[in-house]
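Shared between the two complexes below is subunit A, which has subunit B as its partner in the first and subunit C in the second.
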Partner chain A sequence: MPLWLLLPALAVLIPLFAYPLYQLGLLSLFEYGQPQVSGGEPAVFLGTRNYGTLFSDENFWTVLLQTVVFAFACVVATLAVGAFLAVLLTKIGRVPRFMLLLAALCAWAAPAMTGSVVWMFLFDTNLGLVNEVLGTDGYNWLYDKHVGFALVGAAVVWHSFPFVMITLYAGITAIPQSVLEAASLDGATAFTTFRRIIVPMLRPLIAIVVIQSVIWDFKVFTQIYVMTNGGGIAGQNLVLNVYAYQKAFASSQYGLGSAIGVVMTVILLGITLLYLRALRRTGEAL
Partner chain B sequence: MRKSLLALVLLLSACAPSTAQPTDTGDEKTGTLRVWLFDEANRAAKEAVVNEAAKEFEAAHPGVKVDISYLTVETRAEKYKGALNDPASAPDVTEVGNTDLASFVASNSMADVTADLKAWGEAGDMPADLMSTVKVGDKAFGVPWWIGVRALYYRTDLGITPPTSYAELVAEAKKVRAANKDMLGIAVGGKYVFGAMPFVWDAGGDIATASGGTYKSAIGTAESKAGIKAYTDLFSNDICPAQQCADLTGGGTVEAFAAGRAGMGILGNFNRSAVEAGVAKGKYAVVPLPGAKPGSVAPAFAGGSTLGVFKSTKKRTLAAQFMLTLAGKKYGLKLYDAMGFVPALKSARAEVVAKEPFLKPFIDTMSAGTRFVPVDKAWTAIDAEKILPNMLQKVITGKATVDAAATEANTLIDATFKK
Partner chain C sequence: MRRVGNAVAVIVAVLTIFPIYWMVLSAFKPTGEIQSANPRPWTLAPTLDHFRDALGVSGFGRYFVNSAIVALSVVLLAAVISFLAAVALTRFKFRGRTTMLVLFLIAQMVPVEALSVPLFFQIRDLGRTVPGVGLNTLGSLILVQLAFSLPFAIWMLRGFVAAVPVDIEEAALIDGASRFTILWRILFPLIAPGLAATGVFSFITAWNDFLFAKTFIISATENQTLPAALLVFFKPDENDWGGIMAASTLMTIPVLVFFIFVRRRLVSGLGGAVKD
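Entry: the complex of A and B
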């Protein structure tokens, strides 16, 4: 294929992705805050000192670990819920299927901001419906770090399972009936059919939803920012993106914020490459 | 060859992040004077006063038109960032939250108005503790416009005796909660820095102390720790349980008091309308927040608003004159009548308190001396990185001792000043 056919794609990708990424990398090498932006002080070249500051910040490592664990848990939960409901969709009648799809689409369509605010109303310490129903008036759901993360995680899963569910449902319905019939003639149970027939045939789709979910959940911002009020009690519920926002925008340290951005990009690229390689090992071309 | 040269030029020109270029500023005597003020819930009242000032100013300066815009709270920070980055879209005169002024000065955006203030007829009427909120080094970069301080609101229907010392405050708060188990003795918040600082200042501590133009953190001193302990001790189950109060902001405590869920609260004179709109209406009174020593007043944070001139203005003289017109006694009093904002000028303050007995405890608090945050660009970072709320919350939730949390905050604050 002649290489020049790539030009239209590059014309879009370079200004929209490569240039901002280049600027991000550049900024991360400078002392660049509001005084520098508005010309009050010159931008000072720091080399890798922003990264040094970042890596020697104990808080950064705590936040990074928290982000990884939180994102991992969210991805697993999203996939489990999404896959379960996708299989369920193929088994139930038209009316319940329609209801379930409608409910999922509503959750999907709700903006993250609105969804988070509504969840907070439900779980409010003094006036929330959940405390009212459970009779635990005055219980603060965000007081304990792990309960707080679980609550936010539930909201994240609620927002993102419909994508997984609908994608997998579409994949499952596209599997030829004859293959499934042959399996059942051979005496396969529903679970065996799922594990040995459906999952292998859906692998490319699963790859896409996994990568998407990893990227989304690693970059989660709105739910944490809104529900834990910018990082929770004493910053116990901070994730990397909110941490970067705090450094970059709230306190106008754009250089340091960019360094966090670069680190996040590298981590996500790494995860994606590893995952793609693992897929190729198992014989799938993507 | 030409292509690679072009590429090289492009690369080189992109090699440093962009910075706004200083523009030539002249001193035009006519034209449109752009003014940015904060939007308020009842803006019409503020607008009427400001428009009157603008009309008077336009009459006195033929050929000048005053164009006023009101910035909404939510988008204010973005508007300012735009103005700082692009002088062409900056205003001539602007209102600035008084804690933001220092970082604006560091961003090179505020004009030095020391000389204008010296020549101002009403300068002698401006109290020194308020002037210090607009000074960086010995230069003034604005003029205090109106002020707000916090004092102790308490419910009059619960049998509370107004406390005159910290010990009494604790005793009264426990009494309220013991009698009404759904109520907080006093609403305090783990994120309520300006509610906590009076206790720290009263104990002789501070966020930071200045020496020779540089600040050094003081939150780790023994005095500060005593103050932190006094405040965080209020988050006990028999006063304001940590579960409920650890993540309250100042606004959260206002809400709790207004909704009738608290016996007392540390609220500002500017929170009165919120309380009047709640169930606490008509059932509260206010006294100065007591210090540890019986009969003393804990120093309050000097909150409020400042007027300043943007450095990029092309109408330097006009801008300073309009700023001083608004800041003067005449419009300060009118603004009080319209909005209830307490004027910064001493004589104007005395006049409004004579008119309005509600203000007396606040004025008493002001007269007892107010304190302020470090006038340094680092304050924006200290605030944004939540160093002080994190410190308070760690103590309140039992994650750290007062000692450990204060020492950690001390280190973090010092690091911020060094940046």
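Entry: the complex of A and C
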């Protein structure tokens, strides 16, 4: 009985998820470029030499470092803004709450692509509203590496905080009123209630939003690719995802691109495992 | 205190909605006003020119339909497939169940963008034997987006299936309902909030996908989807911002409508994951 129920899912996931993952690892061990793709030449087995090339490339380490810092900053900002607003939502009047929920829903719904182009337009060097308002006409927000990252990061947070806010808000409102009343009868302060009751009850949800944020922000692709036009001036705003794509599809080094993909996968899986262990320690059932 | 909270909420709401407002406004602004040195947050001469350009000259209508076909196919297929899998994983105990659950969780962490390289070659080869799912087809996008949305959908729906008391199914069984009836007439409607929540995620991932559309749809531009087609509007020097904003507006509306439509179910769906 259970097997036929699982069959459709496995029929999709094995060829289109598991197998490409295996292929990714395999490709990363070969030199696979234009001659192999269009010329039909056999792929050259390199062993781990793609990784050697990568790890001795200073550029790779720079990209890796800025990916981690960028993702970390985005995650922290998203969670802080989302959690703060979720709590705020429970303490305000109906009209402001409706306004905030509606606005957040709009930001959430906006596709990454449209979000990127609207932010680009707002911060456009010559026609952008921001430069007009700040009186900094002609300032290019993507010229400096750090300002560029901050701008893309702001667009990413704008996009992702609504998920955190709405999920946590939904969680808080789902806590039975009786529990909160019991706490206040026992003389718990608002802070104690939050720390000892709301946060523990929301732990599964918090776990979901943390891990989702990490995943999303670590592999931001569209915003970087579109807003910095493929990785910024001289590739200064590259993150691993865009770097892998450029190596594979722009410079036809599919083997090397795959190796970057493997590195990225390993990092994300590492984070996941750490996280699973942390969950188990708090006694969370799978 | 409450008043401060209200004020903060309203300010954040205005700031959050502003880019969307600016997008829609600019889509209706005449080109002269967009290029003016003093942009105003309103327009007195709204025009449909940019929409006409986008839909007529640039063929965005076609790309819109393409995106809709891909996203809706993914939502429907993912709903049915993940529902069946979620039932198997909650209602039955079998060997390897926990392993499978962990694998579905881990699958969500895999950066699917990295799979674009092997999938590119796989789809290319697949297209040589099965036309309709090779490179340059919408079928290829449906297939990969379906695969990417399943792990999360299954993981999420599992909680909803588990929340339905087994008694209901047992009662139906005693009343003579078939397995099929129980599955589709009883369990499926009961987890509607979960389906709405997962549907939103599947829809958005598929609708927003830029990377795979860019990678797979190379020469058949008539099969392009919206995000990649939007790049057509970008010219290195002179960006037609009016056209870009009109196209962006067209691209955002369906997702927004979809979101507002399922909002209540979405919120209750997400809240359903709270510990009892």
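One rule holds for everything that comes next: the second predicted complex is superposed on the first by the 267 of 286 C-alpha atoms of A that agree within 3 Å, B and C clash if a C-alpha of one lies under 4 Å from a C-alpha of the other, contacts with A are read in each partner's own complex, and residues count from 1 in each chain.
One rule holds for everything that comes next: contacts are C-beta pairs under 8 Å (C-beta built on N, C-alpha and C of every residue); 3 or more make two chains touch, one makes a residue touch a chain.
What you see is a predicted model, and the numbers here were worked out from it, not measured in a lab.
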item: Partner chain(s) touched by A:S38 [first = subunit B, second = subunit C, both, neither]; value: first
item: First (subunit B), second (subunit C), both or neither touched by A:L27; value: both
item: First, second, both or neither for A:Y143, with subunit B first and subunit C second; value: first
item: First, second, both or neither for A:A250, with subunit B first and subunit C second; value: first
item: Contacts of A:G153 with subunit B and subunit C, given as first, second, both or neither; value: neither
item: First (subunit B), second (subunit C), both or neither touched by A:G82; value: neither
item: Broader residue contact with subunit A after superposition on the shared chain, subunit B or subunit C; value: C
item: Overlap of subunit C and subunit B interfaces on subunit A (superposed complexes); value: 23, 27
item: Subunit C - residues contacting subunit A, complex; value: 1-2, 5-6, 8-10, 12-14, 16-17, 19-20, 22-23, 26, 34-35, 37-39, 80-82, 84-85, 87-89, 91-92, 94, 98, 100-102, 105-111, 113-122, 143-144, 146-148, 150-151, 154, 204, 207-208, 210-211, 215, 226-227, 230-231, 239, 241, 244-245, 248-249, 251-252, 255-256, 258-260, 263, 266-268, 270-275
item: Partner subunit A, residues of subunit B touching it in the complex; value: 14-17, 19-22, 81, 84-85, 103, 106-109, 190-191, 241-244, 246-247, 249, 261, 377, 380-381, 383-386, 389-391, 393-394, 397, 399, 419
item: Residues of subunit A touching subunit C in the complex; value: 1-3, 5-6, 8-9, 12-13, 15-17, 19-21, 23-24, 27, 85, 88-89, 91-93, 96-97, 99-100, 102-115, 117-119, 121-122, 124, 127, 129, 132, 137, 158, 162, 166-167, 169-171, 173-175, 201-205, 208, 211, 215, 218-219, 221-222, 225-226, 241, 244-245, 248-249, 254, 257-258, 260-262, 264-265, 268-269, 271-272, 276, 286
item: Subunit A to subunit B touching residues, read off their complex; value: 22-23, 26-27, 30, 32-43, 125-126, 138-140, 142-143, 229-235, 246-247, 250-253
